[in-house]
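One structure is given below, represented as structure tokens, and several questions about it will come after.
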């Protein structure tokens, strides 16, 4: 009897999800001869009657290397350990999920998702005995266990394109333009896109900024005849006086109430500088659509590595890229530490060396 | 003595401004042997002492066919008939401008700008005798005198790319996503990008929308298993009950207070539909950066045509594209009528035929 | 009983084919309530047993607005009036096709294809009574009956991108670079992309070039310090001494034997100029992949217009764009005349005005 | 007296050259207060009278992060140790170069270039005492001393875009399409773009291919209903029977005589498969134009690191990226070994796992 494995995707969008699925399926089905089924909508497909499973084979995954989104869907009603039934009731459906996995004769599940999904996957393995292999997915590239996650470089590309466009307008029309990009807790997208797109000022959550220092930078530029500035701003960036002593939750409340990080930055500069200011918020544009070549290659490697981990019975591990090689790492270890922008790291130093202002 | 002509750019950014300048200069200087000077910052370069003029020749305009923005700048302190001096005083400097034009021995001015700039140019010609030739510039393509203005197609391309990216996320993650694009009074960008990007719902200022009808469209889709929708929304679109009987100014106040058209649309749908909703606001991203091929060709044709109008002494005319041919039209006639989206026109009918909902 | 219509695609690829199919289907099925079937592989699906028909509805055409290629396929064994059977035999299968159309209860066929396909469609209508509506498809935009065909603008965009890339290399490394683009008989792609991409020299079939004049242009540039040149070259461009007095067929033989137009141009310049030379041949890259926004809108309009022509019983007509409006024109009239680059037309004059050399 | 350093670029184009120059200048001039001069046209600017030097400062390098090519030019008359004078005479001008460096009071030279340039730089340091710091440049990413070189990822992006476009045509029109990309000795571009673009067959110099095995793959696909294939082919790929026992030079002769790798592959398949075949040759398109975000960040890091190496007196070293960190490595060590595609490495295995055929 053929080996039979499930695969599912959880959490927000990231370009490359489909490429992981395709690569896993091609290796598992075509090369290894297994059966693979996709679980519809995260774990949900196994929690509904009848089960919603999508038989996967090379035909069903054709063309997915370049397609954004996920053919498996991700809508879910939350964590199986605290699941919201259609009738609103909150229950622990993990045992039910384990039963469904057995009924469907699935040897285990490949779970593509962020650190939340990985933590749940690990808990499912430990508490109800569902064997899992993880594939990390975070557009923010904020997992210390892997050098890169797919989707990140695509987001950087899109944000860089936006900066390229804003640059000419800012310069010709003497504007201070703010581009808000993703990054609630980690500012990697803002930092790399800021470097690539020639931003004058980069604001990230890890370096709370001094408003006056930012204003001084813009005024200094104006005195040198550069009467414009381009600012890239992670969605979690806050001025130092607002951020100081606040928990993550409190910061998020501040950001929401202030209309977002770019809006707060713009408002705080009002009165301190002269130029007209405008904000642009990329939002979901930076996490949808076709992945760039880098992310397609990475996602393909992750998909094939997931198949290898399954083959070697390395349940409880997550694939990751480390120094050019894709291998497995225990999920427990993988989700233990975040990767933040290091204010003293080489990338920030490089940015400072070419004159980028961080405001702190 | 060589003929000598000035050129200036006014108003907001539009991809192709530099391509017009380059084409005008190449034809006027290289082929016709004239001298061309750029007036810095709209008319301002002639209103300051010393005059800020930029000598233009093929060397100075190299590579401009693909560069966004304008090398001449546009910062201005307003209409010469009601000009704000550095000290804040409001004065009519039109006679001073006419004097400067004579002092600089400029035969006339080529004025690239929107309908505001064109109206001023015409007034300058009539009231203080400055010969002008106009080149229309409106990203919104809302001038009835010309079939296309440069910058419009680039904006449509950018908005279409954004829709392509939003589409996969909306579909995979069951979201209703709103993309707000430019178009205060005319919804051409939203309409064409909506058609090109496969939007489910298009909201334009010319068709005030019935919120319930939009909600019904989204719910109907959900019932057919399409639990997501992509909405493109011009920045001037309003629900019919808000728009009814309001002047343009009142509408704009409503939009500002409501946080923009996309935000108003999203808020008004809350409670009527179930899906999670998100907005993206492209802002200046859609009016900066490299022009697309179509706009480069159009801008080049406009630049060369402006040189021809000057050569033929057709002052007071504006270049325009009509049925594939670029020629001149009296500015007076050109700025007399706007071009709005025709709710009964072929493009809207085409959109309706493929099932697009306008909400009205 | 529902009306039932077939649709098929013939000839080479052009971005937008799928967008036409999608728009036709959405209008015909969703709005009008007809049944639509796609004929697999041009007319072939009706000439094989069993018939290969693809039932089309909005579900089956989802996402096609942005997808290149054609879901219907185009492989064929040629003109039904001179068809090559699987066994190699050549026969007239037009009556068989007419019979199949009746058997399948198809009211008529919408035929998307080039002038060859249109001519055959018309012949099928006249000789064996198959009602047809045409949708023109030529990447070269060389049909005089329509202002634009879909796919053309996408090809121009791709060629312009290529020129942008070649430009920096040519300039930094003092090269003369040749880009060969499509256009056997008509040089519209080379002309528009050349204008948009800032080519120094544009070679088109309609203006046979004097090699020495091209060489002189390159040498003149070098003397002015521009030790590089970028040349765009339609695949049908030939030097005047080779082209003179030759038939189309003879010219094509010359081009094939010479390794293509770019290679012939490069070889003919050897010895006359000093710079290093290189050629790039875009080939099929410029006729595949996602259509640009302009082509998606046009293709959508064509698809909806085709449905309208069918509805109004206007068999024997072809859709076309004329002065901003899409309507129908008798196929007979539509295919009567080609649209060549007019050596004295406004676009060529514009190019000459900005200093582009045509070599003739 | 200010420290004074020269910078020059040698060899072929690679997107990111200008970004290196900009970053080096911003750090060296703005932060460290040095003087920087660009040497025009590789070493040539110091070998002509008067010297052609370009004073570099942040103003002069504005906008260069996104601009392809090199503002310094690269035309040269060869290796200073075997230099071709304007009169054709071959001489050793290294001592003259050393003298010029002293005259111009340059503390040393930052040399951006391929392994050839690096070898010459090292020789100049050793034999005539010119202090040098190297910045590696190879579009092929074939230097084992660094994990990535700038320009490579841009080339992969461009080749991937081309594959995306070819894919739809191949599929809709049942073609076998060949895309030839750069890579004379190392097939990294073909391998990564092939993975990213979903190529069916990847041909690289490191894995000489068995023509019959490639043909069988195409025939097998056809039997499974996939009557098309997309082949990506490095410019140095050869069939095993042609490559066997040949030196690099002999292989290159074979490739030239055969009209290039794609053409040889296509010709060798003729008669073995049925589908129509076509080739596309990207040529210089893949090495010009704007760098992608990844390459801009890398080039910026290289530029800043070069300034640091100079500051620390680490002459004779070259910057490189190793495991996420940019530092210096002795040039001697850096150019000692090439990085070829490893036929048993993880990327090739990954490609095989998803069913890609290498023909060997």
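The letters A, B, C and D name the chains in turn, as written, and every chain counts its residues from 1.
Going forward, a residue touches a chain if its C-beta (ideal position, glycine included) is under 8 Å from a C-beta of that chain, and two chains touch if they have at least 3 such contacts.
Nothing here was measured: the structure is a model prediction, and the numbers come from that model.
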Just curious, how far off is chain D from chain C if you go by their C-alpha centres, in Å?
35
Chain-centre distance (mean CA atoms) for chain A and chain D, in whole Å, is 31
Send over the residues of chain D in touch with two or more other chains.
164, 167, 290
Mapping chain-to-chain touches, which pattern fits: line, ring, star, complete or other?
ring
Every chain pair meeting the contact rule:
A-B, A-D, B-C, C-D
Can you tell me which positions in chain B touch chain C when the two form their complex?
22-23, 26-27, 30-31, 58, 63, 65-66, 147, 153, 156-157, 160, 164, 167, 192-193, 195-198, 290, 292-294, 296-297, 300-301, 303-305, 307, 323-326, 346-347, 349-350, 353-355
Quick one: in the complex, what on chain A touches chain B?
12-13, 17, 67-71, 73-75, 158, 161-162, 164-175, 177, 179, 227, 259, 278-290
